[in-house]
Each structure stands twice: as C-alpha cells, then as structure tokens.
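Chain nomenclature is as follows: A, B, C, D and E, assigned in order of appearance, with residue numbering initiated at 1 for each chain independently.
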C-alpha cells in the first residue's frame, strides 16, 4: 500500500494511537515513545495514570494499548473481552521491596521485623492495587500475615500513598515496588530494604493491544508499538531507568 | 388627540390592586398626582414607565399603543422617590448616562452636564459617588439625570421631598423653565400642595388604587367631587338643600343659615368652601359678598406662619385661615364674636342629590 | 462594650487561627524538599512547560467560565422559565462530583458519543488533547461561578435596571452598564474561585485530556506523575510552584478588589 | 423589543445548553451499567456503609464549615486589621490546590508534626481515621464558603446594623438578628457549594484518612476502590449514588431557597 | 445639668467636615435641626447615635461621657431618612424588634405593637415585608419602630417627608403626645418649617458642617443672627443705624424711613421683620403699632393658599404674606398704594455694629 511505496516516507506517518500507561513507567516510556515516533512517524498519545484509573478509562471509552502497573489489570481487561489476548507481552519485572523512612528509625532489616511491636506498617489494599495483593501473598508465604496485620495502620487503594506516607514519616515501613523508590532513595527520602529472592514474589508488567485499536483501524501501528517496547532494543532503555526487563 | 391615554388599567399585586385607571393627559400638561400614602401613586408611575406589566388595559402615547413596549422605547424618564442612583458611577456619569446613549460628542455631553448641574447647584459633586451624598443632593442628581435627556414624558415621584424650602423653590422654577423650554409633559407625584399650586395645571387624586377625581387645580381644590377629596385638600364641606334662586344665584339652606352660590343645583347638595376664602371682619360690612354670617371664634391655632380659626356659625363649624398680621389687626381672641364673609363664587356645589355621607 | 470587642475579637481570632493553620500546612510542604533541588527542578524543561501550560489553560478557562456564567447566572436570577430549579440543581451538581467522575462523564460525552464524533468532523478533538484540559477545567469551575453570580444578581434591585432602560438603554446595554458593575463583588469572588479552581483541577484533566508528558501536562499532573515514579522533589516543587502562582494571582485580585472600592 | 427578547432568549438558551450538556454527560454515566447490577450493588453492605458515611461526614463538615466561615467572612468584611489582604489570599489559596496537595499539606500538619502529636495526646487522631475525613472535607470546602460569605457581607449596608444596635442589641445579637438573615442568599449559595464540595472530596480524604475499605470509605473512595478491583458496575453505581444524593440535596436546597423569598 | 451636651465635635469625611459642633439640649427639649441640603444634619445625627467615631470632641448624655459607648448602650432610637427597615422581617417584627430585647412577654409586645400601629394607621400592614410598602408606609413603620422602645433620646431624620399633609398632621400630634407622655428628648432634622412651628421649642441652623445659630423657635425666626439664617427662614432683613431713643424704643434709620424697635442697640444695626407680621391696610390707621409706612405694591404672587406681596417702602423692599381672603377684603392690586404697619415688638435687632454684609 501507499505508505510503503516511497522508502523515504516513514511507515506510519499521520497515524495516531493512544497508549494508556502506568504512571510509574513514565520515564522509560517517554524515551521509548520518542524513539518510536522518530522511526515510524506515528504519533503516540500517551496517557499516564494509576492502573485503576487507566482501567476505568479503558473500560469506558477505550485506548489502543494498555500498559498497567501489574498483570492483574490486564487479566481483568481480558475477562471483559477488551484485550486482544494474543498480543499480551511481559515487559519488565516488578520487584517488591520494603521501604522505610530516612534513617530507618524502627531498624527494619527483614520481613520479620514488620511484625515487631510498635512498628507502623502501611499496606496497599490487597483488593485494590497490585502491590497490595503481592504484599499480602509475600507475607502469607512467609507466615507473617497474621502478625503483621496487627501493625497495619492503613490499607491504601493506591501505591502512591505508600510512598507519601513513608517519605513523610507517617509510618515505619511499607512493601512497595522497587522502581517506585529508586528516585526517592537517591534523594535520601526513603531507604530500601531488599527482600531476599526466595521470600519475595516477583511480578511482571505487561503490555497488550486492545480491541479498540481494531475499531479505530490502528491495529497495525498498535501492534508495532506493542512489539517495539517489548523488544530487545527497548530493554536497554528499561534497564537505564532501573527496571529489570523480562527474558 | 391625547398625548398620553390610559384605558382601564388594572394591576394586581396581591395585597394591593390598581383598579380601572383611566387617565388622559394632553401634550405639555403638568399633572400632579396626590393622594394619601399607599394609594398607588408610585405604582401607577412605574406602570407607565414599563416596570409592571398591566393585567388589563392599555396605555397609549401619542396615539401609539405602548402597553407592551419595553421601557427604553417609551421616551420617558423617571425620578424615583428613593433616587435609585447608580452607586458604581460618579455623579457626573449618573447624570451623563442617558445623554451618552443619544450623543457621542464628549465635549457636548460635558457642556450639558455642566449646565444642568450648575443650575441645580451640584456641580461641586460631579466626581463623587452617590453613596456619600446627602438626601437632598441625591435627589437633585436624580432630577438632573432625568431632565438632561429631555424626555417626552417626565415621571417624578416626590422629587422635592428631601429638599429644604429654598432649594425646593429654586427647583420648582427650574423645572418650570425646563419643561416649557423642552415642551415636556409631566406626571408628578407629590404630597406638597405648593407643588400643585405652583406647577400643575391638572390634578389627579388617588385612593386605594383608584382615581377619585381628576381636573384642573381649581376644580380639585374648590370643587372636590367627594368628601374624601375635600377632606384631603383641606376644604370645608357642608351639606344643604337648594331652596330657590335669587338674582341668578342658587339659595342653599345649611342648618339654620342660607348660603348663596354661583353654581346651579337642586335638592340636597354638598358645598365646598376653602378656608382661605373666608373673609373675617369685626363688624358687619356691606360688600358684594352676599354671604355674611355672625359667628363665634371657637379655637385659634398657630401653625407655622399661619393661624387656623375654627368658627361656629349657628352650629356649623368652618375652618378659616389667616396670617398672624391679619389676626393682629383684627385683634381676635377665642370666644369673640366676628363676622365671616363668603363670596358666592367661593361657595361651590360639589355634589348634587346627596343622600347621607358619600365617603369613598 | 466588652461584649462588642469580644465578638469582633472572636471573629478576627478565628480568621487568624485558620489562616495560621493553613499557613502552617502550606509551609510544611515547603520544608520537605531541599531548596537547591527545588531550584534545579524549576529549571527543567518539563516544569517550565507545565507551568506555562497551567497558567495559559487556567486563564483561558477562566475567561470562558466568566463569559458563560455571567449570562447563565443572570438568566437564572432575572427570568423565570419552566424547570428553573431543576436547571439550577443540575448546574450545581458537578460540584459534588469527585473529579474522577466528572472526568469520566466528560470523556463519555466528548469521546465516542455522537457529540464527540460531530465535533471531530469539524476537526475539534477534545479527548487527550490540550483542548481537553480547557474543557475539563471549564466544566469543573463553571458550577461555582454560576452559583455565586446567580446569588449576586439576586441581591440587585431591578429598579436600577428600569432606570437605565427608561433612559434609553436596551436590556443588553443595561446589563452591561448597570447590572454587571453592580455585581462587582460577586464577579470578583467568582473570578478568584474560578481561576484557583482551574489551576487546581486534576482528576478531570487527567481523565479527559490524559496525563501526557510534556503535552497535556499541567502542574497538578506534573505533581502526580512525579510522585508516581517516586520523584518527590519534582512533585513537591510543582506543588510549591502551583501554590506560589496561585497566591500571587489571588493576592493581585484581592489588592485590585480592595482598590476598586 | 426584538433586542430585549434576544438577550433574554440568549441567556436562557445558554442556561439550557449547558444544563443539557451536563445532563447528557451525567446521563451517559447512567447508561454504562446494567440496571439490575446497579440494584444489586446498591444492596451490598459496602455501598450502604459508604453511603451513610458520606452523608454523615458531609453534613458534619458542612455544619462546621458554615459555623466557621460565617464569622470569618464577617470579620474580613466588617473589620479592618493589618495583613487583611494576605489573610484573605491565604484563605482562598486551597481552592487552587489539587486535592492531593491539600491532602499532603494536611497530612504534614496533623500527622507527625507538633500539632498532630499535641492532638494525639488528647486522644484526637486525625490521620487514617474517620475524623480525618471530616477534617479533609472541612479544609477543602472552607475556602469557598469564606469567599462567598465575605462578598455577601460586603453588599450589606452597615446602617441596618446600626439601627439594630441603637435599638439595644449588642454587636453579637445584631449579627444574628440582622446581618445573618440579610446574608441569606450568600449563605444559601455557600451551603449548597459546601455540601456538594464535601460530598465530592476525594483526594484530600484519600491522603489524610487513607481510604480504607469499609472504614474511611466514602462514596468517591468506593468508586475508586471498585475501579481498582476491576468492579466497574459497583464503581459506577457509587458514582450514580453520589449524583443522586447530591441532586436531591441540592434540589431540596434550591426549592427551600425559592420558598423563602 | 444638660441632658445632652456636645463639645467641640469634629469629623472629617474627606470632602465634608463637621467642625467644632457645640450643642446643649435639656431634658424634654424638642430640638429641630434645619439647614440647606448637604449641610451635615444627617451626619450629626448619626454621630450622636454612634455611627461615626468623632475625631475630636466629646458627647455627654446625662453627664456621662458616651463618646466611645457602642450604639446599643446609648438608649437612642434613630429614624432614618431612607427608613432602613429590615427587609427580611415583617412589619410586625420590625416594630417589635427593639421591644423584644427589653421585654419577653409576647402578649405584652403584641399589645404595644397593636396600639402604636393603630395610631399610625399601619395595623393592616403588620404581616407584610417592607419591600412591598409605599414610601409613606415605610416611614411610619420606621417611626413606630423607633417610638415603641421609648428611647431617652429620639433622633429623627426627616421623618415625615414622604407623607401627605393629613397623615403628617396626625403624626405630629401623635409624636407630640408620645414625647410628652414618655418625656422623650428629640432631635429632629427637617425641611418643613411647619414641623418646627408645631413641634419644636428649640432650633439649630446648620450650614457647611457648622452650627450657625441655636435658639428657641422665635429667636431663630424673628432674630436670625446672620443673613444666611434670615434668608433661609424667609424673614426680611434690613440694615440701618440707630439714631436715638423714643419712649423707651430704639429709633433706627433705614434708608429714608425711621423704624422703632423694642430691642436695644446703637451704631449700625441689622433688623429682621417677618413677612407675616406686616399688617396691611388701605388707609392710614391710628393704632398702637408705631411703625406705619405708605408703600407701593410691587408684585403679588399666589403660592398655594397664600399670597406673597412685595412692598416698596421708599426704595426698601419688604416681603409680606397674606391669605387670599385678606387680599380680597383689602381689594389690593399691583401698583396700588397701601399702608404697612409694623409693631415695634416685631422689629428685631439681629446684629449690632454691622460693617457691610455679614454673609456667612
């Protein structure tokens, strides 16, 4: 067809797709989009937000590519039948760690320390956000859930709240995604306590093309983008921003 | 053709109704509207200006039906009892407001404003906001604002009430001059009979939303058609019976006295005699005044620069007005016997075939 | 006398107490980041872009809100028409919406609906565009402005309007020359609230215009995005910037209002 | 004449246009879910809990906001004191805050600060509690109320107050008997805005009170939580409920206001 | 001890200043304040009521310094020129307002309100809101609201200006009765000299924020101390020179005439003669009136129920008031020669050692 007839002309010139992307992925995603646009001439509208907001937008009015903060949301979307199931790809790992305020006042060194008396723990709501669900599973796996539960002062619907509460000293510890705390850690707002690999549950961040891409006849571009961000070439960029790409 | 014609105008405001108001005003008429407080005078003016939509009836201006015309097409100015000056505009801008709509030449506007405010003695206030003005100052600004546009019809609601006597007199002169110059027709609500005497050629008396009487100034003050009007304008009202004619004058028996009137009538009639038309003397005098009565001074009241006498003429009470100088030269005291003289032209038959009281 | 002073003192005390509390709350935001980093954050391209876009969109939205809320407030106050209290209630309603809900509703309205398609045929795209920011801010702030302006016009004696009209000015001119200047206080209040509300609109913009980096990114979105990947400095800096800009704007308004009286 | 009708028509047309647009936007929210599921969602314990908590906290916050904004608005309008325009600007400022920022500021103020500690010593916990919901709503809505009430008092001629005082009533009684009733329109406007604003407060509550399931869960949080759970029916239902409750409340206010005049 | 004493009161409102106002009022005095519009009358009342804080000076009530007392402790009621009725309260509640503060017995309150509103003829309005009342109705409600609390000091700013003559007369009677019953002291700003004559025992004349003259009614009207006051109250003012004594009366040469006055004086003096005190006759009469002049009628003006004559006495112009009846019985026309009689008691020396005009 036309766009390929002239080799100088970029393949997707004049095409626009919309990407719904977890806000935590903003830095690498911005770079990836820039590269993709330069190469293909397509225009990418990216819409960052919390996974659940993105899910809400997707469910009500659509978007061509869906990249939430955790696989769970893609799964929900697949159940609703708005995802092209064969396009689902994992991009990076999502690693839970323990975040504590600057100086680590309660001296938290391990998961077990979360169960110590007088430790105020903030947790994601296991039903509401991916990190909540994972955190609960990790604690259950280590038989700590019951004891840590007593220390939980609040279960938050969003992951952002966890960071805010730790950074402002409202709580002593939280389980949170590693990529979320890299910035804050480097600024000395929070400290990170790694969870040993065997005790941890590592999640993945997926990307997928939605059925709306079909409707808007953007399928071709969407698929190309979907492939691009999970390509080997893209992995370098993910790494650069502190993510660990999936094999 | 009448300049302004109001036909069967009715308005219902719940507690208050204007009922079947009919009014005809000729070009260059100066009509004063009088009546007790709450009689609907202000509402009538506002209806003419287009503030209330009448339920019934029509208003014609120069033959054109303006009942449904918006206020801005009516070419009338209204001066409100409570001024209603624009609080956000300076005095200058308040006055120039209407003019600015008509002419664009700023110099001309300034000239006209300067002229009118000099006459009204408010030119030192031009830069002020109305909220800081005294009552009288506000009233003059409101007047200037209405006059400057030279409206076809000028509606004024007690425009002089907040002014001192001197200012009031000056303004009357000014208004008189302005309206004759611009051929303005005026409807003027007032409580001050001096306004009526010095400005009006026609008077309307209102009560309870109805027009009780309409006529020229003398008619209203000398021949009030019903007791209420008579009482309101302060005339003496007597009931009597026509008993014959004498030299072309009507002979009327009132109580034990007989009065002569130039007006015709028969049967039971009602008479009006204005208190300032009763002439007092110490001794009987032979004059052309055909009605002369011996009477007793019941009471002397000093009120301002006037003296009110209550005279007892064989049981009939008459009010009479004198100046202190006259009182002095006549040397009258209470209980004195004096003579009251009333010209036949001043005895007016205001109602014929009267049965009992006709209180409105 | 003592009584009087007490009441006055009490009212002034309350004003100062709440000003002080708010001041403390705001000041503590300023204490979180390191001043040097704030300066650095201020200089980033992203921050400058976001700041400019915030001010421009808020001003544009404010102008549109005022242009529309004035005639609407006037109509609600001066004219009676069937269904008026329902109209009034619907216009008030979005105040009660979490921004997320309002954003969703607007997304549905301007997205794939017939209105959205119709507009798109004319080349007007609202969803995920800068225009979307303005539409979002507009719908978020309009209800406040309408409500305030409505209750201001209610206070104005219609006789002023009659006088103006009998002096030859039509309904429209009278509205401009008399009603509008008399509503000055209410207009000030609603302008301030509108501008501030537009500056602070977040959820509605996020949903309708999308939080696109350096595209539909206004200050509240910069703040949100940066918290999302843990960059507290940058987030708080955009918050601080928002506060400073709003404070300057409001202070200017207040001074201007004080001047006019 | 034509001119006049056009202006009137224009104003009314605009009112209807925007009411219609808003109505469409709101109605499209109603069209998303399946009515049966809405009914089911309504009956869930969570929804009932959240509905109750929303109404109670909004009413309580509304009462506190009105109790405080009236004396503050009065002080700002009637008395002059140094720094008044700064005080006014600071009180207006939170309108410009995205709810997230206001929430953050309040968290810092009432969390681990000396004020928070002080209150905690008295057993008053604000962070992550129901009280936090009220505090969050209070601070979110207060600025609107203060601004509106202030500009309402500005319109009232102080002579009314003098007459009342010369008839023997003190400053305080005069305020209650005269100033307050004369400010009726503005009070109505601010009550409506306050209640609606409290109902819709989301971000501030989320940060300060945490947004815990069935504990600090008000309707906007139910909505968000359920979106997060992937439970769109339930989410939209809570949105619809929020809209209906607010609409009823506002309509009642409007009718009541109409009645009083 | 003075009931109310104002000492050196000064207020600066930018464009307008009250300057060094001194005033002493005794208990049960009825003081009217007159003066041209914008002279500061209303501001003076409001300052006494506690609305403006004076820059300088003190106000004492019954010996107590009330300068800094809040209005509610002053025990004064104020009736405003523009009524200032509470728009949110019914007429009943407006009137009962002050009473409710003092007594709690609802029945008693209702009784008192009923009583006063019946007298003021506004009992049919009790359930209405003030915004729907006519000007006069509002004024009576404002009056009732102020009177019902029986204040120590009643401040009234043109309380009758919006009323018709009948209502005005009735209200004057009522106010007179009420104040004598309650021993109220009254300060009453008015433009209507009838108010002064029928109510006041003392008058204050203001201009440009200053008190020009203070005195009892006769003093002001018969012996205005400066030309402005004389002109304002409408008296005749003549300049002359004392040329001696005769029978205990002062002989004053004015132009070519010689006038006799009961007042003492020497050198250049200024005289006041009120127009209503000049007695007119067609022929010279021998009376006790020692001043008799032959004069020409220059002009006759009818104004309301009065006639104003301008008399030319050897080049000196005198204004004189008559009633129409007197005019008739004297049968005077313009250009007629008549005789004017002025009692020596009515020739008042208002200024001594005058040099030129003393325009204020």
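Note that in this section a residue touches a chain if its C-beta (ideal position, glycine included) is under 8 Å from a C-beta of that chain, and two chains touch if they have at least 3 such contacts.
Chains and their UniProt names: B, E = Molybdate/tungstate import ATP-binding protein WtpC; C, D = NifC-like ABC-type porter.
Bear in mind the structure is a predicted one, so any value in this text is a computation, not a measurement.
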Partner chains shared by subunit A and subunit C (NifC-like ABC-type porter) (touch criterion as defined above): D
Highest C-beta pair count, chain pair: C-D
Far-end chain from subunit E, centres as C-alpha averages: A
Subunit B and subunit E: spacing of chain centres that average the CA atoms, whole Å: 24
Subunit B and subunit D (NifC-like ABC-type porter): spacing of chain centres that average the CA atoms, whole Å: 57
Centre distance in Å when subunit A and subunit D (NifC-like ABC-type porter) are each reduced to the mean of their C-alpha atoms: 34
Multi-chain contact residues (two or more partners), subunit E: 70
Junction residues of subunit D (NifC-like ABC-type porter) - those touching two or more other chains: 4, 32, 104, 108, 170-171, 224
Multi-chain contact residues (two or more partners), subunit A: 53, 56, 60, 164, 168
For the subunit C (NifC-like ABC-type porter) and subunit D (NifC-like ABC-type porter) complex, residues of the former touching the latter: 3-4, 6-8, 10-12, 14-16, 18-19, 21-26, 28-29, 32, 68, 71-72, 74-76, 78-79, 81, 85-102, 104-106, 108-109, 113, 115, 139, 142, 144, 147-148, 150-152, 154-155, 170-172, 175, 185-186, 188-189, 192-193, 195-197, 199-203, 220, 223-224, 227, 239, 242-243, 246-247, 250-251, 254-255, 258
Parts of subunit C (NifC-like ABC-type porter) lying in touch with subunit A, wherever the complex brings them together: 32, 34, 37, 100, 104, 107-108, 111-112, 127-128, 206-207, 210-215, 224-225, 227-233
In the complex, subunit E residues that touch subunit D (NifC-like ABC-type porter): 46, 49-51, 70-72, 74-78, 80, 84, 86-89, 97-98, 101-102, 145, 149
Contact set on subunit B toward subunit E in their complex: 13, 15-16, 34-42, 81-82, 128, 132-137, 139-140, 157-158, 161-168, 191, 193-194, 196-198, 231-232, 234, 274-281, 287, 302-306, 320-326, 328-329, 341, 343
Of subunit C (NifC-like ABC-type porter), residues touching subunit B in the complex: 157, 159-160, 162-171, 173-174, 177-178, 181-182, 184
